[in-house]
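As written, the chains take the letters A, B, C, D, E, F, G, H, I and J, and residue 1 is the first residue of each chain.
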Amino acid sequence: MMNHETMTAAILNAKNDKGYSWETLAEEIGMSPVWTASCCYGMNTMLEEQAGTLCRLLDLSDDVEKLLQTSPHKQWGPAVPTDPLIYRLYEAMMIYGQSVKDVIHEKFGDGIMSAIDYKMFVDRVEDPKGDRVVITMDGKFLPYKRW
Amino acid sequence: MMNHETMTAAILNAKNDKGYSWETLAEEIGMSPVWTASCCYGMNTMLEEQAGTLCRLLDLSDDVEKLLQTSPHKQWGPAVPTDPLIYRLYEAMMIYGQSVKDVIHEKFGDGIMSAIDYKMFVDRVEDPKGDRVVITMDGKFLPYKRW
Amino acid sequence: MMNHETMTAAILNAKNDKGYSWETLAEEIGMSPVWTASCCYGMNTMLEEQAGTLCRLLDLSDDVEKLLQTSPHKQWGPAVPTDPLIYRLYEAMMIYGQSVKDVIHEKFGDGIMSAIDYKMFVDRVEDPKGDRVVITMDGKFLPYKRW
Amino acid sequence: MMNHETMTAAILNAKNDKGYSWETLAEEIGMSPVWTASCCYGMNTMLEEQAGTLCRLLDLSDDVEKLLQTSPHKQWGPAVPTDPLIYRLYEAMMIYGQSVKDVIHEKFGDGIMSAIDYKMFVDRVEDPKGDRVVITMDGKFLPYKRW
Amino acid sequence: MMNHETMTAAILNAKNDKGYSWETLAEEIGMSPVWTASCCYGMNTMLEEQAGTLCRLLDLSDDVEKLLQTSPHKQWGPAVPTDPLIYRLYEAMMIYGQSVKDVIHEKFGDGIMSAIDYKMFVDRVEDPKGDRVVITMDGKFLPYKRW
Amino acid sequence: MMNHETMTAAILNAKNDKGYSWETLAEEIGMSPVWTASCCYGMNTMLEEQAGTLCRLLDLSDDVEKLLQTSPHKQWGPAVPTDPLIYRLYEAMMIYGQSVKDVIHEKFGDGIMSAIDYKMFVDRVEDPKGDRVVITMDGKFLPYKRW
Amino acid sequence: MMNHETMTAAILNAKNDKGYSWETLAEEIGMSPVWTASCCYGMNTMLEEQAGTLCRLLDLSDDVEKLLQTSPHKQWGPAVPTDPLIYRLYEAMMIYGQSVKDVIHEKFGDGIMSAIDYKMFVDRVEDPKGDRVVITMDGKFLPYKRW
Amino acid sequence: MMNHETMTAAILNAKNDKGYSWETLAEEIGMSPVWTASCCYGMNTMLEEQAGTLCRLLDLSDDVEKLLQTSPHKQWGPAVPTDPLIYRLYEAMMIYGQSVKDVIHEKFGDGIMSAIDYKMFVDRVEDPKGDRVVITMDGKFLPYKRW
Amino acid sequence: MMNHETMTAAILNAKNDKGYSWETLAEEIGMSPVWTASCCYGMNTMLEEQAGTLCRLLDLSDDVEKLLQTSPHKQWGPAVPTDPLIYRLYEAMMIYGQSVKDVIHEKFGDGIMSAIDYKMFVDRVEDPKGDRVVITMDGKFLPYKRW
Amino acid sequence: MMNHETMTAAILNAKNDKGYSWETLAEEIGMSPVWTASCCYGMNTMLEEQAGTLCRLLDLSDDVEKLLQTSPHKQWGPAVPTDPLIYRLYEAMMIYGQSVKDVIHEKFGDGIMSAIDYKMFVDRVEDPKGDRVVITMDGKFLPYKRW
């Protein structure tokens, strides 16, 4: 029985064999690379057409196509991530989280930035002192309800 | 004896009493709001002139001015943050971290986005369906050394 | 310097001395009991008028009135709550969480129930076999964004 | 040897293949959807007739029918759930738990809401600003014994 | 402001000064020793008359009398207790918990032993090979609801 | 190679197939149900004759018979048990542990109740308001050595 | 109000001021150094005469004398000790614990070494390659009860 | 591919089949029982001759012989051991660790007892009140370097 | 499907069979031993030529060669390492970390030593009192950005 | 009563007031900076003369001088350090720990690098691409004892 974990392994395998990048795969289904990868890691769900295109490109079975459209139980590993790249993403949030919170409250009042109605992009910006990674987090502001 | 914790309390108190926002304080010292707040939370250090201006605006003592220029021991609370706004910043990293990692490696090769040579901005973007919070993370790419 | 913790202590003290219940306090400010209590525990913010009425009823200072309107850093104690009443609220979520998730996905598709655009009520329902506690959780459905 | 974990996998598989929802399965056995799902996740036990009907509908073996009637060792994963939907159920309890506790004590005295003599429902309520998820928790009040 | 923690300290102090044991205090208020101690440790609530008698015996203030009747937020320390006596109580549950669960299910069906409608006693039983501690746990059986 | 874990699975399987309860198995080997179950869960060791009788009744191999007589490495799962029945056994210890400790010290002086020289029983006591579970813990008192 | 923590601080202070070692203090009360220190750290209780002698030697108050005879709630800090000397004591148990367990079972059968009916000594043994610390742990063997 | 874990399983199996104790095995290779067992549990390394003798006695393959001479990655399970015998070894260290530390510092100055240049023995000492387990820990004292 | 974990096992196996040390393997590919080992443990990536040479020497498949050039998800086990050698590396950082931090800040100002633009060497230095392990950590200093 | 924590605060305060660096203080007492700082952080002990010189330079009391010579209970904060500089020291050990272990075993056999008979240095090495931090760890190799 295929589940989201084996689905991810199958996709990564086929993607490596056929030499696709997330960039090119995303282009083929008309979406963005981070979101496309996040579906393949079982963190988001594709529409039927998107899943179909992806599976045809990668020669993957109907099971994969179906699972890509199914709400997964989103899980991740240890509370403290150990991969150095991912750790630094957290570290930035740990160091600047309170400051970001303050500035959001000043600009919007009490509430949060949604992680559901949310988009995310990664860009490479050239810089003579060393190119820069620019990550954009774009989420709807949700004010707290009073009742 | 003043330390970074009591320094933060003193600044927040004076800021509230005088009605400054991080936005206006940042403008006065010619820097950005997230960075300015992060110094006051003991996560970064100001230059002498910046600390001087800030303390004059908020009528704060020399101790504060001095501490703002001193490398703090950067600490934060629980491994899993409980504030809903900050939690969602982490959640975004937990859900999309692996995808972001993949896309960065595709664009840059093996390495990380620096959280030290790093800048961060918060913007409010108007949207008829509800305004959006846009957070920009901008860090230098550092490739792994081979030796 | 008053903070959200000492604010809570001051309100609870005055409330006990004057013999108010959350029910009657909530009625006075025209809101519901759970929400009213949650503001006093530093988990939500009141509007100016609501905070003003509450502080006049309980003879509390301007500091309290001001803090009741300020976005707090929402914190709670241990990851595993030890109070038996609160533990059972969690236990219900642990036992039925996956089932609730499945039923929500069947009725709405992939997404979440907001804990921000959210209301909560407690009722006592008489029953000859022993009265029952009925808790209603009412939150907006937020579908995942695709991008 | 079949156990509760493989039982759950077998049921979910058959349910997907045959295209049943929890809603329709629950109707067939004359119970509610959350409870029906919770039995299949090994969190509650069915009566003989209910387990029999379910297994006939899904073409499942006698082993499944028998296990559905057996008290399982109820286990769940990490102390801090990572699925965003389930996390928000917890978050609501973390933010409002103390307030709910206070209001229950005001209405009932010292005691708890049972999570055993307990029922739970999920409804979709239409709303022009976005449909709402309404979850009802309904448990017997149990006063503390004095001895 | 007195709270449950300082209430406990005040009672223990007065109890030591006046040379009472839990046994004799419990007799005076007509209840059992474990329950009487548990109220003083903020884990249960006394009736008005019981709290009154206790405070007169120990010369304690009205604050204590009032708090003894108030539902506390029940908290305890570390997840793994370190006191050797208390650890062994846990160890017995860890070693025999699954066995006790099986035997209860055989005798009662699916459900739990209530820790709320619950009584507990400690006895000393003489034995030539060394006296024995006999602890009796007595709780109502609560069957799981089906709905 | 059979180990204590597969031994437990084999016994539970045979016990279910043949329709034995712990009650009846215990009677056959002349011991009590909790202890009998605890041996089968790898928490205690049987004498040769007891293991022999048990294995004949359940048609189990010599490996099982031998392992039932071998001191196991006693392990259990998570620090915080999640099964509701077992959790309440712990909860009772968390709420009343300190009180039980005090009463034992009053009756015996400094020392502990042994969890090794220890017996445990479960009884069903009829009660018109709902039958009760009565658990008896019976352990030797061990005073601290002075040297 | 003095408690076991302040008792320890008072004893350590007086001991340093008067220049006593645990060795000499132990000799004065006719007991061994580890045990004497363990009482002062609130891990064991002295007899009246021992506590009296110790307090006279160190000019300590009646409160200390009384507390030294009172069963403390034995607590220790973090699950993983950080002091290098204490860590190595644990490390030895982590590395050799299973081996020690096996050898004890071979020599005694199933049971444990008591940590209650227990004595402990530290000796310095001269050695030309560097003197050696020799620690002796001496506890009664307790066989598991069968019932 | 054999690793240290499967090596341990193979040795324990052969040892049980052939009826050896650690005592007798240790004698055959001219070492002590705790150390011999610790090598088989992958916590220490044997010399070629010792490994050879052991493997001939137990009819084990060259792979085992080779691995017994290879530095393993020393791992152990949970931070808090659950086996009652091993727990009590830790408990003794938790209760007496600080006292042992003090006495060592008094006898040796600042430094530690090595857990590397270290030997460990288990003895059975007859006693009419119940035989005693005597464990000897014998490690070189290492003073802190100053530089 | 080969992944980084099975890749590591395959390399270690081949390395043992053919009798290579990290020293000699590193020499063959013209790099240093620590870095060479870290690639094989999935912590760094090789260039095509380096991976090719290594695989030819060890007779390993193309899969290994490819994976050695692929950015791995860097993972490690428990937060508290249990291997005594590795633990002492951590211990040194725990004891001297704050001091090292102070000295770096004195010599460089606020910032960090990179663990990415980083090299590491292990040397054996002869010493009549016992040879010494000398580990050199060499990382680029990265000053905090101000913005 | 002064303890190691208040001792550290007093030294840091005086050091800042008088404008000393660890470099200059270390020179005055004829030792190295990391070691000097580590004594002031309560991780090592000074000789009488060293402590005397330091206290005269910083105008500190006899209490400080005495405590600097006393073996402290070495403690540090959270298991996962949060300061970015210190975190990277750990990260290097997490990434390269296993590789370093392998190389040490190849050069020395089974054993460890002592963290007690241990020295540590920090140097600034100029580099046109950005200066480098070079940390040298220098510890005695300790082979495992066989017995």
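Worth pointing out:
Here is the rule we use: contacts are C-beta pairs under 8 Å (C-beta built on N, C-alpha and C of every residue); 3 or more make two chains touch, one makes a residue touch a chain.
What you are looking at is a predicted structure, and each value in this text was computed from that prediction instead of being measured.
Common neighbours of chain D and chain G, by the contact definition above: E, F. In summary, the chains found to touch both chain C and chain D are A, B, E, F.
Distances between chain centres, each the mean of the C-alpha atoms, put A farthest from chain G. Sharing over half of its contact pairs with H-I by residue number, the repeated interface among C-E, C-D or G-I is C-E. Chain D maps onto chain I through a rotation of 145 degrees [Cα fit, steps of 5, range 0 to 180]. Chain A and chain F have Cα centroids separated by 48 Å.
Averaging Cα coordinates per chain places chain C and chain F 42 Å apart.
We define each chain's centre as the mean of its Cα atoms; on that basis chain A and chain I are separated by 30 Å. Multi-chain contact residues of chain I (touching two or more other chains): 35, 73-74, 76, 79-80, 82-84, 91, 94-95, 98, 101, 111-112, 114-118, 142. The chain pairs satisfying the stated touch condition come to A-B, A-C, A-D, A-I, A-J, B-C, B-D, B-I, B-J, C-D, C-E, C-F, D-E, D-F, E-F, E-G, E-H, F-G, F-H, G-H, G-I, G-J, H-I, H-J, I-J.
Here chain B touches chain A in the complex through residues 21-23, 33-35, 37-38, 41, 43, 74, 76, 79-81, 83-86, 88-104, 106-108, 111-115, 117-118, 120, 122, 124-125, 127, 129-142, going by the rule given at the top.
Against chain B, in their complex, chain D makes its touches with residues 80, 82, 84, 87, 91, 94-95. Looking at the complex, you find that chain C touches chain B at residues 1, 73-76, 79, 115-116.
Listed in rising order, the residues of chain G touching chain F in the complex are 31-32, 35, 44-47, 71, 73, 98, 101, 105, 109-112, 114, 116-119, 142-147.
Residues 9, 13, 77, 80, 82-84 of chain J are the ones touching chain B in the complex.
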